[in-house]
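The chains carry the letters A, B, C, D and E, assigned in the order they are written, with residues numbered from 1 in each.
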Amino acid sequence: MDILSIVGIVLSLAAILGGNILEGGHVGSLLQATAFVIVFGGTLGAILLQTPMSTFLRSLKMTAWIFLPPRIDAGSAIEKILGWSQVARKEGLLGLESAIETEPDEFSRKGLQLLVDGTEPDAIRKILEVDIGAKEHNDTAAAKVYEGMGGYSPTIGIIGAVMGLIHVMENLSDPSKLGTGIAVAFVATIYGVGLANLFFLPFASKLKNHVHIQAQFREMIIEGIVSIAQGENPRSIETKLKGYIH
Amino acid sequence: MDILSIVGIVLSLAAILGGNILEGGHVGSLLQATAFVIVFGGTLGAILLQTPMSTFLRSLKMTAWIFLPPRIDAGSAIEKILGWSQVARKEGLLGLESAIETEPDEFSRKGLQLLVDGTEPDAIRKILEVDIGAKEHNDTAAAKVYEGMGGYSPTIGIIGAVMGLIHVMENLSDPSKLGTGIAVAFVATIYGVGLANLFFLPFASKLKNHVHIQAQFREMIIEGIVSIAQGENPRSIETKLKGYIH
Amino acid sequence: MDILSIVGIVLSLAAILGGNILEGGHVGSLLQATAFVIVFGGTLGAILLQTPMSTFLRSLKMTAWIFLPPRIDAGSAIEKILGWSQVARKEGLLGLESAIETEPDEFSRKGLQLLVDGTEPDAIRKILEVDIGAKEHNDTAAAKVYEGMGGYSPTIGIIGAVMGLIHVMENLSDPSKLGTGIAVAFVATIYGVGLANLFFLPFASKLKNHVHIQAQFREMIIEGIVSIAQGENPRSIETKLKGYIH
Amino acid sequence: MDILSIVGIVLSLAAILGGNILEGGHVGSLLQATAFVIVFGGTLGAILLQTPMSTFLRSLKMTAWIFLPPRIDAGSAIEKILGWSQVARKEGLLGLESAIETEPDEFSRKGLQLLVDGTEPDAIRKILEVDIGAKEHNDTAAAKVYEGMGGYSPTIGIIGAVMGLIHVMENLSDPSKLGTGIAVAFVATIYGVGLANLFFLPFASKLKNHVHIQAQFREMIIEGIVSIAQGENPRSIETKLKGYIH
Amino acid sequence: MDILSIVGIVLSLAAILGGNILEGGHVGSLLQATAFVIVFGGTLGAILLQTPMSTFLRSLKMTAWIFLPPRIDAGSAIEKILGWSQVARKEGLLGLESAIETEPDEFSRKGLQLLVDGTEPDAIRKILEVDIGAKEHNDTAAAKVYEGMGGYSPTIGIIGAVMGLIHVMENLSDPSKLGTGIAVAFVATIYGVGLANLFFLPFASKLKNHVHIQAQFREMIIEGIVSIAQGENPRSIETKLKGYIH
């Protein structure tokens, strides 16, 4: 559970709505279904047009990470790799065959299979790096869906506001409606800027961070597996892998 | 057929026009041929001035991809490459000669020809990478035509709006026209921001994505052909190539 | 003759001025020497301060490329290189001595001289790449002079507008002049944004594109000359060089 | 003690508040708890949502560096490394064992241990570079927390201002409150822009600079330790390491 | 003497002030000590907070380069290097010992010393490149001090303007002061945008250009010294080094 994500959302909404109330404003005047339809619908439309289906679905799935981050335990992964290196030294690389079946992580399983197949260290590294590279690219693209929404929503908020102002201008003859009209128009701006800065952009940042952590973690696993393939001793592997944790 | 592209356009237009109607605005007041001429004409002029003819024609052709994306089937391409590697192992590289004639993709054909000619693996890789590099550069430049339009249209929308405001200011003595004049001026802003954010920028993003997918696909083909040239066994080639799919 | 450049300029000016007339505006109210002096003079001053003399002169010379692009014929250059490779195979590298005298392009001449001198392939590549690198850097810097002007002119347009508004504000007591005063002030904004988006930024883009094409072209020539130095056969050289054309 | 940091904060606040007083403004009208709650609370919420806990805590700790920069003495570090190289030449690498115990810096200790263990020079470099890379990435991410705040606060200031304007617009019927209402709304803008430009962005810059200096310093230590492993003579090591100081 | 720098400053000030006078404005209304204190003081404070002392002092020293650029004569440097290569061929590398004493440039002296010491070519290159790298990084950081000021000053100009507007709004009851008050407020905007675009950003660009030219020049010297270490003949060195001049 990512407590900071929840605290962040609660805090920013409390500060902005609370501040509005302290100023004597009515929260009600910030709630307008029309403005929301324009800003959120327009932003969603733009992002759907720009995104391939696979990336869009991936970004929906990754959204859960904002509150339930993927579990990454570098410490115990190092333990596991050191265990494999012990097995390899005692029983040879073929001794790792049984580890493949019990290994839950697909990426590590692929690495172990390459070890057992007796693939050359350089080839192992290359194959696994293509794998990471493709995954990191696709995950980053999915995280950038929110970045794109954070780029579109403020400008679509401006479209909403200007449409509202046009509406106001066409009714200038009735000055009593002037103020309310402008107020309504401005809410679209708040939605555009607010959605971008309180949700979309922070979402994108947090997701990109998880993608980076995962890529780093897999770099470490590659390093470990290649070291086993090169027959390095467990102590030296440990020193190497611990450099990834800081 | 790229359904997301169509859904995206329909959704964003529906949200914005629908929102406008809900607010009590008239869609009619958003339709102004003059503002459209200024914003679209000015943007088109700027982009024509900036773009070489070949890039412009290429971008026109690529526009179809937004709705009818190029068919890329990595899975069956891997099948095909594995087939070639079987042939090469049984009949030698010369056995691939017949595959050249039936291969529909020009790039793969070039790779097969290099194999049959007995070119060194490193040379094959280099020649084909120059090929990808040039194609990717030119395709990206074509996709960026829309990015350029997305950069110009909001600022030209501002030119349109300011020209409208000047017109209004010169007729301040007749206040009854004030509101309508400003309303007209603002429509140019909406066109500028709307064209950029609902069309041009998402177009550019989707096209750049297709260019990237194609380049990745060709990277995979290079990897496969070079592996055949190095005489690797089909199983190892398969493991390697599958890393490109995620 | 770059027809797209001319069409672009004519189209954007026609759209904007025509749109203005359709709206009922007077072109006259868009023509103001004072605003032009402020925006163009200020922009020119800023760019002169920022640019070294040699870069500024180079950018003046390169401006002609926007309408008369440098002639680059990759197809016939490949022909020529294949001719050289034939000579080199028949008569040895010394046989290229006569080609040096007739070769009009200085860069190719330098490459041929290195071939005749019997320079090592790797050294040839390195020497010629330093050459390209320096030229590309300086040409890009010259193209960026227009990019710089496109960055400065909108902000200097704002200075002009704000100065105009100050002037208006100081004469608020005479409301009859208010509208005209503001109108005048706004023209500086139009000049700033218009010069940047209809001229300076597209100029920079077109020039940078020519610089890139030339660099690519020279990369191809290096590849050809190095291949001759390595004694490759003409057919393989042809395959390699054709990859540069797409 | 980083005097420039203190002078900078005092100077910018004095200039802005002093300027306000000279203009005849009341400092009191710039002090508004509500606007501060909206801008600071909203910014903090956004950044908490975007940042992982470990990065956030690290950025809190690093904040002290703005006033108390980490002590880095490249000169005496070179002395120390030259001392180690003398020991290694006289007593062999094992002679460095006692230096490990007395060395206060953890990173240097790790390097010495690798030397004593007789690790290959290339392996030492690689292990230590992974170490620097991970630390530099995490420290930079922590410094960017302030960059993020500097990005969010002006836009949240705009949200605060627009909410204030909405409040004003809804009470247009009472024009006497108009001016004060707008004044209050504008303070949120000042807080947003001011916090970003007088605090958050300069903080981020100064911290990123410290992170870079530390990374450079560690690059130098790696270079020294690898040179010792390669058995270079102290004079040549000194020449090499002094290049890092400029 | 960099004439373009002086012409640039004179031209932009003449255009803007002259344009203001032509429009009928008074230069006096653009001169306001208070606005200057706010914008310049605030900008200076922000940049002091962000910059380490050593970088700040370096940027003060480098400011002179804007008008008195550092003298770099690549042509005569090539002559000198060719002279060294002649000496090295006749008398051996030790023959360069006397050249060290008379060489005024510290960087070349370091290179010559490495030659005389008989350092390996690859080691010479690496040592000297660390040297260039550190110097280029620090000089670029110093040039970016002006870039930072160009980033802060427009936003601090906005703070000044908004503070002025707040002051105006609080005195709405006295409409006679309205115009002047707004005029005063706008001057801060002009100072912010003007300082950035007419001074700070062009300064940064010109300085970064000098830093690049120096780095290129030193690259050339490294190339020359390494070529001497490799015993290349003077003619080939000349061809190589001339590629750096374009």
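Note that in this section a contact is a pair of C-beta atoms (placed from the backbone, for glycine too) under 8 Å apart; a residue touches a chain by one contact, two chains touch by 3 or more.
On a predicted model such as this, the values are computed, not experimentally measured, just so you know.
Looking at the partners of chain A and chain B together, they share no chain. Rotating chain C by 145 degrees superposes its CA atoms on those of chain D, with the angle stated to the nearest 5.
Inter-chain centre distance (chain A to chain D, centres taken as mean C-alpha positions): 24 Å.
Averaging C-alpha coordinates per chain places the centre of chain B 39 Å away from that of chain D. Shown for chain C are the residues that touch two or more other chains, of which there are none. Viewed as a network of touching protein chains, the structure reduces to one closed ring of chains, two contacts apiece.
A single ring links the chains, and its order as traced from chain B towards chain C is B, C, E, D, A. The touching residues of chain B, counted against chain C in their complex, run 33-35, 37-38, 40-53, 55-56, 110, 113-114, 117, 119, 123, 126-128, 130-131, 134-135, 138, 141, 148, 151-152, 155-156, 158-160, 162-167, 169-173, 184. Every residue of chain B that touches chain A in the complex is listed here, in rising order: 2-5, 7-16, 18-20, 22-25, 29-30, 66, 69, 154, 176, 178-180, 182-183, 186-187, 189-190, 193-194, 196-199, 201-203, 205-206, 209, 213, 216, 223, 236, 239-240, 243-246.
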